[in-house]
Every structure is written in structure tokens, then in C-alpha cells.
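Structures for review follow.
Presented sequentially are two complexes of chain A, the first with chain B as partner and the second with chain C.
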Partner chain A sequence: MLVFDWFVLPFTLGLVYLVVTLLVKYFRWVKNLPVDEFAKVKKGVLSTKTFSAIREVFLESLLHRKIFKVNPLLGYMHTSLAFGWFLLILIGNWESRIFYHGHVSPPYVPIFFRFFNPHPVGFKLEAMFSFLMDLTLLVVLSGVTLAWLKRMRSRFFGMKKTTVLHMGDRFALASLWFIFPMRFLAESFTSGAYGGGHFLTANSGAFFAGFLPVESLVYPAWWAYSLALGTFFVALPMSRYMHIPTEIVLIFLRKYGVSEQSIFTSYTQVEINSCSRCGICIDPCQLASSANIRGVQSVYHLQSIRNCAVDNDKSLNCLMCGRCDNVCPVGIDIASIRKANRKQQAAQKENVYRYVPEGNAAKADVIFFAGCMTHLQPSVKKAMTGLLKHAGISYWFMDESGSVCCGRPLMLAGKEAQARELMANNKAKIVASGAKLFVTSCPICYKVFKEEYGLNIEVMHHSEYLLQLVESKKILVNRQDVKAVYHDPCELGRGAGIYAQPRQLLKSVVSLQPVSQDKENALCCGGSLANIKISNPERKMITADAVSVLTANNPDVLVTGCPMCKRTFAQASSVRVLDIAEVLSGALVLKQPTALIKVKNEERLAIQPVLIR
Partner chain B sequence: MNNFGYTITRDRQIDFDKLPRDIYRELCQKEPSVKACISCGTCGATCSAAQFTDFSLRKYILLLRRGDHKEVAQNIDKCMFCGKCQLACPMGVNTRNVIHSIQQIITSNLITLNENAGI
Partner chain C sequence: MKHVVVIGGGVAGMEASAKLSEMGVAVSIVEKADKLGGKLNRWDRLFPNSRPASDLLAKLQSGMGKDIRKYVNAEVSSVRQSLKQFDIALSNGEDFKADAILISTGFDVFDAHRKEEYGYGIYDNVITSADLEKTFRKGETLKTASGKKPQRVGIIHCVGSRDEKAGNNYCSKVCCITAVKQAIEIKEQNPEAEVFCFYMDLRMYDRHFETIYKEAQVKHGIQFIRGRLSEAFENADGSVMLKAEDTLLGKPLKINVDMVVLMAGMVPSSGNRVKEQLNLTVAEDGFFNVADAHYESSGTNVPGVFVAGACTGPKTMENTINEARSAALAIKEYLR
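After this line comes the complex of A and B, so read on.
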């Protein structure tokens, strides 16, 4: 028994086109992965990683747990559409399987079941199934209504901005919005004409039958439903709805350990196609919220890469603060993609720094590297060297004179070949010194020394090292009656995951006040070296907003761990801005080298003049 | 040639027919803040590259304003991009984008520039 009607064709053809396109694309993307990454996939497929990937697909692609965490209403919208649609397909398949006694039927049969069997006589489970289908349809329709509302008024969702659509998206969006209302109408008309349905479609069917010639509308309504589905399937690979199937591929690849490289790979294709353009990354972007710079945010950047239309100026107009990375519900590695994109656009030149002398390395246990930004903050430099001397550390101030840049600013601008040249120069000196520990007072330097230099010795930010010195009692400090707030520098916090050590260190000397946006949600100071396109007035707007958040509770001092943040804030803040090393140096207890532990109270009183306040 | 014990110094006139200011104009479009430069030299005083070479952004901006790009083209890549000049600049010039833009313009115009300069 073949169940068929001509109206199923748009749906069926659309589905075949979609499945073939997706399979071809995914096959090529997985096959074209770099060799190492492909090996990870091969190794992972038969491991337990597959199961945890399936679990994540269920939680993220269907239930959208992460969006719920960011915004419950937005989460409900996505869940009702995704999970609702999934249930509609699942329950529909069960129904038709049971009804046809397990006979394998073409994929359109469950979808258009109600057309072929408006009121199946003698089907015992009809009431249960039609109730379930009506309930699920209602849930999906509520999601569509919310989607429509979001398009009209994004503020309703607590979002300041939603994404701007391009043509392909509009097409797909329109057909997606049509699908479920058309299904609702088609089922209602069928029910009005032939009976069947449950609380939703039976009642609406009776209602429509009251004033419409439902019997003659049944057939056109099913045609429209099939057309809407077919159109959506054909538009999907060209639209942002490509994220629906691609996110599943992404989750599997990510679980197997595939990651972004320094250049674009086919994994980048998977990632940019997984972007749903939900626009959650727009609101945390300080370029948008403080400086009113539009069209450069991650959602648009990924879109422009997908459309092969990247504007170099826009790609460089990003603070790389990582605030968008932090909220992306799909977990796309946005920062790495932007970095790879910048590298692709920049001219790679060799042998441009041949003028830099090789330099002499001094033998020492610890290397202190101030970095360019600390050199512009002599007070930080002084505090740091003072503390190191005080603790009696054998250290070498590597860039005291003739400082060579760490290479991170060049890296961030995409000039990687140039950066590697400077890095080789610095690395040779570090190796020659024979030191076991490398300490820097600049988070920008810290990140590159830690991640890119491939050093065999430990690399520490000065806040980590000073904490060690305080804990091992090499530095003795007095508590100060000072209210302080701590600002997480982007490169140190989100960039390197160091949140606890600076706080712990500060708690030993001052009373630390809470800040409304801290740790992963900390604001960028606006000084970022990663953005070379932003103008100074725009930077100042970002700084002013960040300062007002940080100093909302009127602290006595604003402390940070980055000389660049310090300098940026100092220009805009009425509250005094200090580096963590300066705070510590101001709270130092002058100690007797022979009696390290036995510092008497009288001696404690003979402290250095308090630098704070 | 007879040696009279003295020479004539090279003509230091700036001839805008021979030294076109196109590069500076393009630079002003790409980074308008360069127009605010007062040639104070603070950038050079902080410069990492200037510790080892004659690199001087102040000089290069001046040269481009005069339409002389040759020395700029030879040296502009020596910048380490560290950003100290930008923090120090009293006029708020976006120096890193000035350098980035000069690099871009010179790379994209290299052939025509060389022809004009007779290289």
C-alpha cells in the first residue's frame, strides 16, 4: 500500500536536497581536517567521548541549556522550537509506525499523517497521539510567537540588540515562521472537515468550519505546509539555520579534541557554520555598549568569513577581550578565529629585526621581565624590583635596558612571522641565563611567554609570584585599612584563567570590595593593544564606563595587575589606581634578615611610609 | 673636477611635483588622527626600536608630509608594534594604526613608488 499525493513532493525533494548537501559538506570538512586533528577524530570515534558528545548534543542542540543560563526566555524560545520540533518528528514517526504496523514508509508519511488519515477509525491510540501532537504543536507555536516578538522588539527579551539579517536569512526565516502556523491551519482544516484532532486542532477546526469552507481549504493548506518545509530545507544550507545540523558535527569534533589552529582549517568552517547568529555576543561587546561601534562584533565577523567578505578594518577593530567568547552558547572559539583571520590578512615578513642585538644573559635563579607597558609605569617597576630585593631573590632584570618587545602585540595584529623573530631573540636570552623561573609584571607578555615561547621553565605573572613570596614569608606585609577593588585584566583573567591568586594576595593586605562585573565578566579597560583601529575618543568612552562600574562603591583604591590597564584607568578615574605590586610594596614590613619569622610587634610598627592614600 | 676646498650643499627645496603627497593623503584617510601630530618626538623617546636604530615615527610622518617616502619604506617594518608611543603621544594619535597603514600603503604601492623614485 503506497500512500502518496502530489503535494508531498516539495517536502520530499527539499529533504533529499538538504540531506545530500549536508552529507557532502560534512564529509569534505572532516576529510580536509589537518592530519593531526583527523587522527584525533579517528581515535575518538570508538571511545567514550562519543557518548559524552551525544549527551552534549541532547543538552545543547535540543534543550539549549547554555542559552537558558544566559537568558531564560530566549532559552525557552530555542528549546520550544528545537526540542518541540524534534518531538513532533519523533511522536509522528511512532504514530505512523504503530498505525502501519511497523511497515517502513517514505519519510513524508509521518509528517503528513493527518492528511492521509484524518480520523483513523479503529486506531486505539488515536486519542493519545493526537493529544501529544497537539500539545507539542502548541509548544512549538509558542516558540514561533516568541521568535516573532524578538524580531519586532528585542528589548522584550532583555537584549539590547539582535542581529541584522541578510537576504538568505530572511528567506529561510520567513519559511521557518510559515511552517508551524501552516501545519496548524492544515490540521485544523482537516479536523474541521473530517473530524479527528484534539484540544487544539479539533477546537480550532470547529471554529474555522463555522465561517470558512474548510473542505475546499484542506488540500491547499497541506500544499502550503509542504512548500514551506521544502523552501526551508533548500534555503537552510545558505542561511544561518545551517547551525542546526552543523552544531551537532561541531560538538562531536570538539569532544574528540579537534581545535582551532593558527590558520583557517576546515574545522573553522564547521565553527562558523555553527554560529546561529543569536546575537548574544553583541551585548557584552564594549565596542557596542560604550563606544557605539556596530557591525564588528563576533556574529558579524563570523558571518563575513562565511560569506568570504571580510573587511580588514573590521577584523582589526576588536579589543580581543574575550567577553563574547565567554557567553557564546555554541562555544565557538571566536578569539582564535579572529586571530587566524588577522594572520591571513597581514603581510608575513622575515628578517625585519636583524638590528636587535643578541644581548648578554646574566646568570640568575629568577628572571624579571617588565615588558614595554611596565616601562611606561616606573612606579610599578620600582615596586617590583624593591620587592624582589627585599625578599633577597637572585634575579636578573632582563629588559632593564634595551628592552625587546615580547611579540604579543605583533601576534595580535596578525604579524606572526615578525613576532616569532622577536620571540627567538628573547628566548635565547632566557635559555642562556639558566633561570628556573620567569616572572613578568605584564599580563600581555605573560600570555605569550606562557603559551607561545615553549619555555622549559615556569612562567609566572607577578601576582602569582608575589603570593608565593608572601606565603613563604619571604615578604612580610602589614594589613592596611584600605578599601580596594580589583580589576581583572583581560589577558590575565579570561586570557589565562588567573583570578584567585591576585585576590588572595590582595586580601592579605587590604580589604577587598566586590565589583558587580568581575572574573569572567570583567570589563576591558579600553586600552587593549589588540585593537589598532579604534580611535582615542572611542577608547575613552569604554574606559569611562569601566571605571564607573569598578568604582561604583567608592573604594579607596582601584587595583589591577596590568600596567596597561593601570595607565588607562589612571587617566579617567578619580579613585587612585595602583598595580598589585605597588600595593604590596606599600604594605611591606621592614624585616631583619636574620629573624625572618620572629618579627616583633615593635618592629612591625616601624614600617615603610605607607604608599597607599 | 677642480678641488676648490669647498662644495655646494645639496638643494633642500621640497618640490611637490617630484615628491607627490599621495601617500600622506591616503594615510590621512586611513588614520585621520595623524593630522594631529605636532612632531614633538615623544613617540621616538619611548620607542623600543629606537634603542637600536634610528627609527623615528615623528621623522617618518614629517617625511611623508613632504612627500618623501624612500627612507620611510626602508625602515617602517622595524617597528615592534609594542604600543608605547601610543600611550605616550600627547595628541592622541593612533600611532600603531599610523604605522600599520603606512606599511599597508607602501606594500600595495611599492612598484609605482619605486618607478617614481627611479629605483
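After this line comes the complex of A and C, so read on.
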């Protein structure tokens, strides 16, 4: 027996439109992946990766675990909407399947079940189902209320900013807000007129029946519900709600190992369409919180790529600090997208640096590379060479009399071709030196040497190497009665995941105090080379705020592992700023004593001249 | 008798006190150092005529009669305005009422450590213009850290001035001519030495400045290179390699020198606690605002509070002295 009524058409047609549009889009995106990436998908589909993707879809797309972690109230809002809706569909299907004894019916039947069967006499499970449906509907309605509140007052959610909406979104949003209240009304009226329902709709039905002609309202209400659903489905592909289905695709692709490339691919399309515009990335952005720079944060940047309306400000006014990557609940590779975008915009030129001399290499076990930023901080350079000499290392100070840039600043500006030219120059010297280890005191250099040079020797940040030297007793140090805080440089911390080594190294010589925002949540110093749009006064605001967080507990010294951070902080901090190498060289035991236990005062280089100006 | 408190006992404070006292006003002058005279105690000879700083100081001192109450080693710890008077408390426990206040707190020399790339405090042979004055004032000859006479000296202009990164966008006005003066003095001590000045542009704006600049080139062979220093490296022998861009030739340039002198600029005097307590406004450069830039350069936004000298921006000695006198007149007029 076919149940049908004309009002199901808006819903049904909308659903068909949606499914076809999505399938076409997703098919194209997957098919257009770069060859290597596509191969990963083919290999992954039949592996256990598929199962773990399904698990993640459940946890993230339905339960929104990550949003919960960042902001429980916001998490509840997303979960109640997504998981609640999912349950409504699931339970509805279950109910109609049992009721119709397993007959496969068109998808609108479970959705409008209550219209076709207001009060199914003799259906034994009716009470249970109507209870479950009422409960789930209530949960979803609470989510809708919260979403509405968030639009009105984002502070209610502890968020400073919520996103700004555009036309397509408004349409979808309005219909989405309509869907569940309409369902609620349709079910209430039905129950008021014909009985049925449970604690929610039965009571509200009786309530409405008290003063409304519910019988004549039933039919229009179901029409309105169907129309709201149909409108939402049609608007969805053009709106931000595209993220709901797309995130599922993203999770699968990511599990199969697909990733962003140095240029835009169709995976980028999947990522930018997975952005829910939750706006979580706005709050950690110091451009917004310290310098009041609006409209450039990742949510807006991704949106502008999607709308093909990227302007220079959106792609270039960013510190590339990674603080937004760190919180994005969808796990979008924001930094890579921004880099690819910059590359797309920048002119790629060959043979720009032909004039740079090739230079000679010296044979050594270890290469020390200071980088241009360390050269601007001679005290760091002095400390490093002092420590290396003290430890008796055979090293070659590769850029002692002037450096060829590591290439990272050009990379960050999108000028990859130009960067590669400089990198080739440096790489030739490194290979020729025959060194087995490459050490740099600059996290900016570290990242590019480690990730982009393709060196087959080990690359270390000086904090890693110094820790090794201390642990192997090549460097002997004295503990100092000094309270220090450590600042995680963006490129070293979030950029390269090095958090433990500098801390361990510092703990061997000073007493390390905690900082309220550290490690993954560390602040950017504001000096970042990656932002070529920001003005100096704006930078200063960022720096000042970061310094006040770092020095909140009045440490004796603010230590970092990046010459750029050091330089930036030194302009704004009343607390002395030192590089980790300087702290260590101040704590150095000059002559190696026979017994380690006691070191006479004159045998060590006191830390005082370093710490106090 | 009306009472004026002068905060800051340098050139401006001394001259204004002398004039106010002459006009029959009771004056108390407060100085945080152990003697009056401010930077004049540290400078050797003054441009444009190489007159000894001690000579000018003696002249100023001659005006500081017995009537003027002098508080040295003292700072103003609190000021409060009550009706048309000010209650002032000093760090030494002293307190009094004043009918007007003159702020003449001058300037601090920019802390060259903050431009670490120039190596001050890190490289042995990098000094500031203030350090060089000290050497000259002690009557010593300029020597490198290892005790040798420097054969090549690099003088770097605009250290901490006209530098957005250092947070000081303004020109300190006197360091160009000071650089020329000191370059000549180095040559006078050691005529064989080569001296190079690295400048952005030369501000030879005042009377006699151009003449001295010309003399530096023609008579003393001092070389002026247009270009900002980018980096300084210390060589193994303690000499310093300077890297800059010669913007007139359009070429990068490297040059080894035995010593570097940094022309440290002027920054607003720190520890100016009166600022907050009196609600005085400062401009974005940190120096005090004046009531009217053309017509009332001694007044501030608070009636009864006056300013003179480098606390309202970099200026020369003679401008400072003129301002001190004009402030004295303005105060006298205000007290009528």
C-alpha cells in the first residue's frame, strides 16, 4: 500500500536535488585529486582505515567531540542538532519499518509518519516510539534555541566573536530554524486533533487545542514542515551547511592519507567546504584580540577562497602562528591552504638569486647555522659558538661571515621558486661539508631545513642539541638561582612540535615557572615574518599582550628559543629576555672538574653578567 | 611670595630657576642626581664652537643664588592639585605647597642594548656617543678594548631614532651634528685614523652646522656614507665588520673597523611619575604635549604646570636655554 499526499513533494524533490548535487560534486572532487593522492584513496578504501573513518565520523560529525572539548556549550549545541536530527531519522525509520512490517517505503514516510498514522490503534510499540521521538525532538529544539541565542549574543557562549553571515547562508539558516519548530507544531496539532504523541507533543497538543482550531491547522502545518525541509535541502549546497555532508568526505579522505599540497587541489575544495564557520578560530587570533584586526581570520579567509573573492589582506595579513589550526574542530589544514594561496598569488621567478656566490664548504662533523635572525642577535651567536667550543665539537659555522637565507621567509610569502634557488645554494654546501648533523639556533630555519631541504642528515634545533650535550656531559652546567619562564616560538612549538627539549634543558639550570598559555596554546610574539601587511603599532599591541601574559608572575628572565621572538620581546619587556643558549652559557662550568659534585665559584662563568644588564 | 617648584635640575631647570628668582619668585629645584647640571656634567665639548661643557655649566651655576632652594638626590614622589595650589612631596620626606610647577626633566639617552644587532654590550669595541663624550671629558684618548689606538672608526647615525622597530619615529636632531663633532675630535686625537659616518640623511639645519660638516670632509677627510647599517659582526681580533647598503652607489658594502660609535638618540625621560599624577598628556612619541605648538610652547594641558627643554622633544642647548627663559616669563605672568 502506498501512502502519499501532495505535501510530501517539497521535501522529496529537495532531497533528490540535494543527493544528486552532492554525489556529482564529491565524485568530481575525488576524481580530480592529484594522481598520487587518488592512489591513496584507492588503496585505503578496502583497508581498516575505512572503519576508523566511520568511527571518527560518528565521534566528530555527530557527537562533535572536539567542539565539546573547546567549548562544552557550543558542543552541546552542535551535538543536539546533529545527533538529535540523526536520531529522529533513525528512530523514525525504525518505527515505520516495524509498523509497516519491514516494507520498504519512500524516504518521506518515516519523516511524516505521524501525519499518516496520527494515533495508530493496535500498534503495541506506539508508546515507546512516541516517547523516544518526543525526547529527541526536545533535545533538537534545545539546540535550535541555543543556536538562536548564539546569533543574538555570542558572549553567552564565552565567544568574543561569532561569524558574519552572507545571503545563501541566511536562507539556509532561516529554513533550518523553521524545520524543528514546524515539526513540533505539526505533531502537536496532530495530537491535539487526533490524540497520540507523548509527554511533549500530547501536552502541547492539548494546550493548543484549548484555543486553536487544531483540526484545520494540521494540514497546513505539515505542508510548512515539508517546505522548510525542502528549502533547506536546496539551499544547503550553496550555504555553509555544506560542511555537514562534506566533513564526512573529508574524514574519509584524511584517513586514507590525502593531504594538502603546495598548490590548491580538489582536496582543498573538500577542506574549505568542510568549514562549519563555527568561528572558533577567531578567538585565539591575536590579530583580533590584541590588534583589533578583523575580517582576516581563517574562517573569513577560507570563505573568501570558496567565494573566489580572496583579497590580499585576507591571505597576507596573518602571522601564520598556527593558533587557529590548533583549535579548528574540523581539523582543517588552515596553514597549508594559506601557504598555497600565497603561492598562487605570488609571482614565481627563476634565476633571481644568480648573483649569490656559491661559497665554499668546510669539512666538519657538525654544522652550525645561525641564520639571519641570529645574526641580528649577536649575543646568541656568541653563546652558541662558546658552547660548541667548550664541548669540544668539531663544527663548521656555516654562515659565520654572512648567510644565504634559508628560504623560509620567501616560502611564507608564497615565493617558492625563488626560495628553492636559495635552498639549492645552501644544500650544496651542506652536502659538501660531509657533516652528519645540522644545528641551527633559529626555529624558522629549522623548519625549512628539516621539512623542505630533503637532507639525509639529522637536523636539530639548538635546544635539542644542547640538551644532548648536557645529558652526555659534554657541557657541564651549574644550577642558577634564577626564576625563568619559557616562551614557545610558533615555528618551533606548533610548527615543529618541539616543546619538551627546551624545557628539560632549562630545568637543568634554572627554576622554570609555569605560564598560563603555553605549548600548543602559546602566544605569538608578534614579530612573525609571515605577516607583511600588519603595521608596526599593531605588532606592538600583540607583543605587549604576549609579554604581559609571559611575565605575569614576575620571573627574573624570559627565555625563548628563537632570535626573532627574542628581538621582538626585548623591545617591549621590562624583564630581561634571553635565548636558551645564553642561559646555558651563563650557567656553564668553565673547567671540567674531576668530580661533578662541587664546583668552585671562580670555575664557572657566573650567570650574573648575562642576566643583569 | 609665590612659590614655584622646578622638577629637574638640568640646563632648562637651572636657567628657569635663575630667571624666576631674579624676578622675585621663590624657587625650589628638585634634582634626582647628586648635583645640578644634568647632561652637562657628562658632555665634554659642545657644538657648534667646541666650548667646554663645564664652562657653560659654570655660567648656569652663577645664576643659582642662595635664594633658590636646592634639593639633590631627591625625586618628586607625589603631586596633588588642590584649588590653585599643588601639594608636593619629595622622596626625602620633604613636602611643600607650590603655586606653579615647571617640568624640566629632559631626556634619557636611548639604551643601545635594544639594538642588539649593533652589538652594544656584546662586542668589545662598540660604544655609544655618550661613552665617547665620557672618554673625552676624562681627557683620555680613545682606545680599543685591547688598548690600541683605533685606526678605523665607524660612526652610526640614528641609533634608536627614526626607527619604527625601536618605537621611535622621530629625529633626535642633535646627533648628526654630534657625530660630525665627535668625528672631528677623533681625527684631532689621531689624524691617521679613518672615520666613516653611516647616515640616512644629514640634518645640518642650524647655524654653522654646514660649515662644520664641510670642514669635516675637506679638512679632516671624514667619509660620509649614505646607508643604514644592517648588521655588525665581530671578527676574531675584536674588530667589527659593518654591513650596510651604500644607497648613493646602490651597492651593498662591507667594511672592517676597529671601533664603532653609536649615535644614541633621545628618548623621553623615564620615571616621570608626575605625568600620571597631574594628568599631563604626552604625544605618541612619549614627549609632553604643549598648550600651543606655536604660541604657548611653555604651557601644558594643566593650568599652572609648565614645561621647558628636552622633555617636550629633542632640542639643542641654546633652544633649551631660550625655552627656560620663556617658561620663566610665562610662569611669572601666570602668577600675577
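We take it that the second predicted complex is superposed on the first by the 590 of 613 C-alpha atoms of A that agree within 3 Å, B and C clash if a C-alpha of one lies under 4 Å from a C-alpha of the other, contacts with A are read in each partner's own complex, and residues count from 1 in each chain.
Here is the rule we use: a contact is a pair of C-beta atoms (placed from the backbone, for glycine too) under 8 Å apart; a residue touches a chain by one contact, two chains touch by 3 or more.
What you see is a predicted model, and the numbers here were worked out from it, not measured in a lab.
Colleague: Does the chain A-based superposition show chain B and chain C clashing or fitting?
Modeller: Aligned on chain A, chain B and chain C clash with each other.
Colleague: Examine A:Ala413 and indicate which partner it touches, taking first as chain B and second as chain C; both and neither are also allowed.
Modeller: After superposition on chain A, A:Ala413 lies in contact with chain B alone.
Colleague: Using the superposition on chain A described above, determine whether A:Ala570 touches chain B (first), chain C (second), both, or neither.
Modeller: A:Ala570: touches chain C, not chain B.
Colleague: Output check: A:Gly402 vs chain B and chain C. Expected answer is one of first, second, both, neither. What do you get?
Modeller: both
Colleague: Which holds for A:Asn536: it touches chain B only (first), chain C only (second), both, or neither?
Modeller: Both chain B and chain C are touched by A:Asn536.
Colleague: Answer with first, second, both or neither: which of chain B and chain C does A:Ser47 touch in the superposed model?
Modeller: Neither partner.
Colleague: Going by the contact rule set out at the top, does A:Lys382 touch chain B (first), chain C (second), both, or neither?
Modeller: In the superposition, A:Lys382 touches chain C alone.
Colleague: Could you figure out whether chain B or chain C reaches more residues of chain A?
Modeller: B
Colleague: Look at A:Ser548 in the shared chain and tell me whether it touches chain B only, chain C only, both, or neither; answer first, second, both or neither.
Modeller: Once the two structures are laid over each other on A, A:Ser548 reaches no partner at all.
Colleague: Pick from 60-68, 204-212 or 222-230: which stretch of chain C gets in the way of chain B?
Modeller: The segment of chain C occupying space taken by chain B is 222-230.
Colleague: Let me check the overlay on chain A: which residues of chain A are in contact with chain B and also with chain C?
Modeller: Touching chain B in the first complex and chain C in the second, residues 375-376, 401-402, 536, 567 of chain A appear in both lists.
Colleague: Considering the complex alone, what residue numbers of chain C touch chain A?
Modeller: Interface residues on chain C, with respect to chain A: 113-114, 116-117, 119, 121-123, 164-167, 231-234, 241, 243.
Colleague: Tell me, which parts of chain A touch chain B in their complex?
Modeller: Spelled out, the residues of chain A in touch with chain B are 316, 347, 349, 352-353, 355-357, 372-373, 375-376, 401-405, 409-410, 413, 415, 418, 422, 527, 529, 532-537, 564, 567.
Colleague: For chain A, which residues are in contact with chain C within the complex?
Modeller: Contact set of chain A toward chain C: 375-379, 382, 401-402, 536, 540, 567, 570-571, 613.
Colleague: List the residues on chain B that touch chain A in their complex, please.
Modeller: Interface residues on the chain B side: 33, 46, 48-49, 51-53, 77-78, 80-84, 87-88, 92, 94, 96-97, 100, 103-104, 107.
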